[in-house]
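So, here come the structures, one by one.
Two complexes come next, and they have one chain in common, chain A, joined by chain B in the first and chain C in the second.
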Partner chain A sequence: MGAKPKLSMYWAASCGGCEIALVNLNEKILAVDAAFDFMFCPCLLDTKKKDIEALPDGDIAITLFNGSLRTEENREMAHLMRKKSKILIAFGSCSSAGCVTALGNLSPKGENFKTIYLDSPSVDNPKGIIPTPHTTVPEGVLELPAYLDRVKSLAQEVDVDYFIPGCPPEPHQIWSVIQAVTSGKPLPPKGSVLGGGTSSVCEECSRTRGDKKIKELRRTFDFKPEPDLCLLEQGLICMGIATRNGCGALCPKVNMPCTGCYGPPEGVEDQGAKMIGALGSIVDVEGLKELKEEEINTKVDEWIRSIPDLAGTFYKYTLAESLLNQLKGRKK
Partner chain B sequence: MKVGVVFCKCGTAITEKIDADQVQQRLKKLYPDVDFVTVDLACSEGGKEFVEAYLKDKGIDRMVISACSPRDHENTFKGCMHRAGRNPYLMQMVNAREQIAWVTADKVAATDKAVRYLDAAVRRVMLHDKLESKQLDICPDVLIIGAGPAGLKTALTLAESGRKVIIVEKTPVIGGMPVRYEDTFPKMECGPCMLEPIMGDILHGPHSADIELLTMAEVQGVVGSYGNFIVQIKQRPRYVDPHKCIGCGECTAPCPVSTKNPFNYNLDEKKAVGFTFAGALPNSVYIDPEACVRFKGESCQLCKDACPVEGAFVFDDKERVLERNVGAIAVMIGSEVYDCSRIPNLGYGKFPEVYNSVEFERILSSTGPTSGEIKSRTGKPPENVAIVHCVGSLDSKHKDYCSSVCCQAAFKFSHLIDKRVPTAKITHFFKELVVPGKEEFHLFHEAQNNTKTKLIRYGSIEELKVSGSGERISMEHPNGKGATEKTIFDMVVLCPAMIPAEDTAKVGKLLELTQDKAGFFDEMHGRMDSSLSKVKGVCLAGTCQAPGDIQRSINQGLAAAGTILSGLVPGRKLEIDPIKASVDAARCSGCRVCNSVCPYKAISFDPAKKISHVNEVLCMGCGTCVAACPVGVIKGNHFSNQEIMAEIDGVLS
Partner chain C sequence: MTFEPKIVGFLCNWCSYAGADKAGASQMQYPPNVNVIRVMCSGRVDPQLVLKSFKAGADGVLILACHPKDCHYKEGNYRAASRNRVLLQLLQQFGIPEERCRFDYVSAGEGERFSKVIGETVEAVRALGPLELQ
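Coming up: the complex of A and B.
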């Protein structure tokens, strides 16, 4: 057993979908077990933090780290796993770029707590208790990991070797990464995205497309989309144009527009900004030609207002990494 | 890589605000390997020599020059790079004078700003690519679409300078609209006669050998771009060899079939074989296969039998598809008039006495349906004629614009009616009167001073209501004194708006030309470049670009010819500036976002490879597609995302 390289998977702020994706390797999970000593995974195994602390530094060959960094505990574990792993992989959208949890960065901590613990209709909290890192009860002091001011991606806290995109990553892509790592062949340069393509989802999408001109936006419940025509051209915001390929265009295949879970295409810094740039280039609001500037503004504003949730649409998976909240500290 | 910063003091214009020593020290700290030198006046002869020598002596291959606006001297310093044997694109200019010294009053702030700008420029210049301009062989020949005054003048001018010209004209005749006019404003010159010298030269002048005239022809396909277009032209059969036909017209009388004459707007009939009108050029008859009984299975050949020339008739003539290689295309397909029946209260199409302006031109013409005689339905000369201006023009319900020629055409009509039917009374109904120019007012004054002529202003075209009453028609109209009146007229002449020709959209699609709101072809710039379209190598002239008179159309044609002559010179290659966009074919997802964004129509989609492609001849390097491509695989040379981001980082650092 001891001769096999160690493999671990840690979850920070995540939904657990990434673990399910790993298990979705089905019988191939046996091959993973044959190649590795799968020794740490809080969702599936009973190894404890102290067991990891006891390991020599760099003892774990590969750690798949999923989930974003929301709490002090997430942060601590990120540092620990970095220290103990030879290869640290940011696994899935949360760990790569913040994903849905990072949408919490749109509001300050206090406001988030107010919504979660006080205002939410399903909450019954007559005393208005808000959790704090230390709570004194008759029996002593209770501790909770502190809530960070903002959600970070893994790479914003520690040095990351590779990234595997997806919410969650597709099993065949996880498999291709495992194969690459176990093949013994030279690994791609540090910082590379593994388990994805270098183009966009459209590359893998079989829908036919024409010159793109988007007259009006619609939502999936407004109509039944044509089965063979590009969804974006039918007025649905399909993030496929600005999303790294690799998933096999799963969503458009079943008439759902891509929401962008594979993150920005290779070399694109900000997925949301790219999407907005692209959409802005193909807006074709009827009768704009030769209108006065204010009239054009009004019409375009109307068009923009028809997008129900701007941040949630364009930055569903990447707000933590967006240029928007990083005036300082951009990766060089 | 050795980067050198040349800091020009611009006399004292820059250094009175920016402390050059401090800039040097702070830059040295940031970039120890970057060289720094100051110069008093970099753009002076001595300054340029200094820069050149500096580049050579210090082995500098990438230069940041901090001086004035690139608009002033970017090319000057590129020249220094070039003469020093350096690639001129490995240079970045910082506008320290206009953007810093002139606008930032505080010396400390100005110096700080200069350091940031230079930091940005140094980061950027290190990423610059060694770009090279390319040279392409060109074809100097030109295709002209439309043989109206604009097309003919352009063609002749080009041929006179030795260019080979191909003219494609849809109808069997050349000359466009004006050959249908008996007289033209402002000087009442005969339309066909005025154009005859040009048409004569085109057909058999000293340069006619360089002109290939294809009548009854249309362009049906265009590929390629500026310098090298391949054009496919479809020519309908004429069934008569125009080179053999001597134009005697012996064949027409024996022909048993008569058919509506479209050239006279169906106001009379013509034979299945014949001219469009007497004197039409080229001087050759043609057979209308829709009318001719031979094409309905009969064995008639009366025309051929009457023809004195052997072999002039070619009954088995076929449609031809020709291919020509040209370097530039001039689109001059003219215009037509607005359909007056869309304003039902004017009675057009309902009462035969109501004519539109082009029909009336034919009535006035000695080659027209009445041989130029103006007569009412009863066959008598009209006693009372109404001429309505601005029909559909300056009218938000129809055409917003002023058609610019209708008032003058209306006063031309007034003049001719008065001359030919001196007893006739004429009333002009106008919304606005437009007679600009140094000669154009004469006909207006003539009408104004004519006691038999009245001018009445109306507010909206709906105020004019034409109705039938027995032999004559009457019109309810404002009387100019605030009341409404009903008057009997024997003729109403409507002057409708000029609108783009029927084929505008079709031709536009072939050449990727865009149309404005009214449907005319979009020009590059309304004031500065109205004879150029937005597609490089495609020129515009005449009323297909905007309503106008013959003078304007001809001048614009000459402007187009000038552009073509200066841009495509035989023996000279087309130099392609390397600041262009290019698609990384391996990574393009084929999403087609970029396809419609290029203002110069430089991007095409390859359906087989499912990727997009930028044509480097057409691309102007504007960067629109670079911003649009959601995969980030379109690179704007010299303005790559990396270069721009490095610059931003430098300024914000």
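Coming up: the complex of A and C.
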């Protein structure tokens, strides 16, 4: 048994969906077990941090690291797993690009705490207690991992070998990566995205596409979309046009617009900027041609008004890696 | 020392770049803070280029296009105007005020207008100071 290469999976700031995606390999999980010694996964197994610390460096063949880095503990574990693993894979959109947790970067740290611990309608906190890394109680000092100023993707903290996108990654794509690793064939160059395509979700989407002239943007609760026509053409913000393929266009298949979980396609640095570029290409310009310069602005502002949170829509999964987020905290 | 902002200007080849030439040929004075990049059409200015400019150290970005109905490619300026409006709202969420990303129209004959737009943009960005996000 000891001869099998070690496989581990760690969760940082994550929801557990990535672990479910792994288990969704169903009976193929047996093949994973046959090929690897699956030895660390806090969600599923009882191995402890000290067991990992006791391993020689580079002893784990592959670590699937999911979740973003929100706390000091997440950061510490990222360094530990990097040290103990030969191949470190950022698994899922949180660890690849920050995902939903990174939207917290739009507000300063203090403001996040105020919302979470004081202002939320469901919070009952009459003493206004806010967690701190060290709290003195009669029995001694209690410690909590510190909350980092900004959420980071895994690669913003440690050296990452590969990235598997998705929220969560699709089981057939996880399987394709496992097959690639166990086949013994040479692996793709370091830094590659595995388990995804290189084009956009539109390539896998079976809906009919035509010339897009969008007069009005709408949201999913406004109407029932036509089942066969491109969702973007029906005025829904379908992120598929600015999102890497590989999922099989699952959401558009069930009449829901893509929200962008596979991140930007190959060669695109900033998913949100690309989506804005796309919106400029599909706006109904005929409706702008008779307008004066200032009226054009007003008309476009009205057009976009139905999307209340642009950053949350365009960077739902990639804010940590967005160009603007990288500017935060930089001093000139 | 006064802060000298760095501004990247994307000028359309057919109108605004010619407008800049006109300003130069007429020996008009305007501040030297705008680094001009000539593009074939304002519609070619991918919002990624704007964000990359900020990342590379620009304190402001200026996109100049043909006036409505004058676009050499018929509708590139409308596309550019639309993208800019959406981008401004996004920038605001990141704490970047709209004065740092100006979109305007300058025709080939408007040398004077070109120097006025450059002057206004430079002063607006100068007043905001260097681009630093919390």
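In the analysis below, the second predicted complex is superposed on the first by the 323 of 332 C-alpha atoms of A that agree within 3 Å, B and C clash if a C-alpha of one lies under 4 Å from a C-alpha of the other, contacts with A are read in each partner's own complex, and residues count from 1 in each chain.
The rule we apply is simple: a contact is a pair of C-beta atoms (placed from the backbone, for glycine too) under 8 Å apart; a residue touches a chain by one contact, two chains touch by 3 or more.
Note that the structure is a prediction, hence the values are computed from the model and not measured.
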item: Which partner reaches more residues of chain A (counting touched residues only), chain B or chain C; value: C
item: Which of chain B and chain C A:210 touches, first, second, both or neither; value: first
item: Chain B versus chain C as contact partner of A:277, first or second or both or neither; value: both
item: Touched partner set for A:199, first chain B, second chain C, both or neither; value: first
item: Partner chain in contact with A:269 - chain B first, chain C second, else both or neither; value: both
item: A:310 touches, of chain B and chain C: first, second, both or neither?; value: second
item: First (chain B), second (chain C), both or neither touched by A:289; value: both
item: First (chain B), second (chain C), both or neither touched by A:108; value: second
item: Common interface residues of chain A - those touching chain B in one complex and chain C in the other; value: 268-269, 274, 277, 280-281, 289, 327, 330, 332
item: In the complex, chain B residues that touch chain A; value: 516-517, 586-597, 605, 624, 627-633, 641, 645, 649, 652
item: In the complex, chain C residues that touch chain A; value: 43, 46-48, 50-52, 54-55, 57, 67-69, 75, 78-83, 85-87, 89-91, 93-94, 96, 105, 130-134
item: List of chain A residues in touch with chain C within their complex; value: 106, 108, 268-270, 272-274, 276-277, 279-281, 283, 285, 288-289, 291-293, 296-297, 300-301, 303-304, 309-311, 314, 322-332
item: In the complex, chain A residues that touch chain B; value: 198-203, 209-213, 240-242, 245, 265-269, 274-275, 277-278, 280-282, 289-290, 327, 330, 332
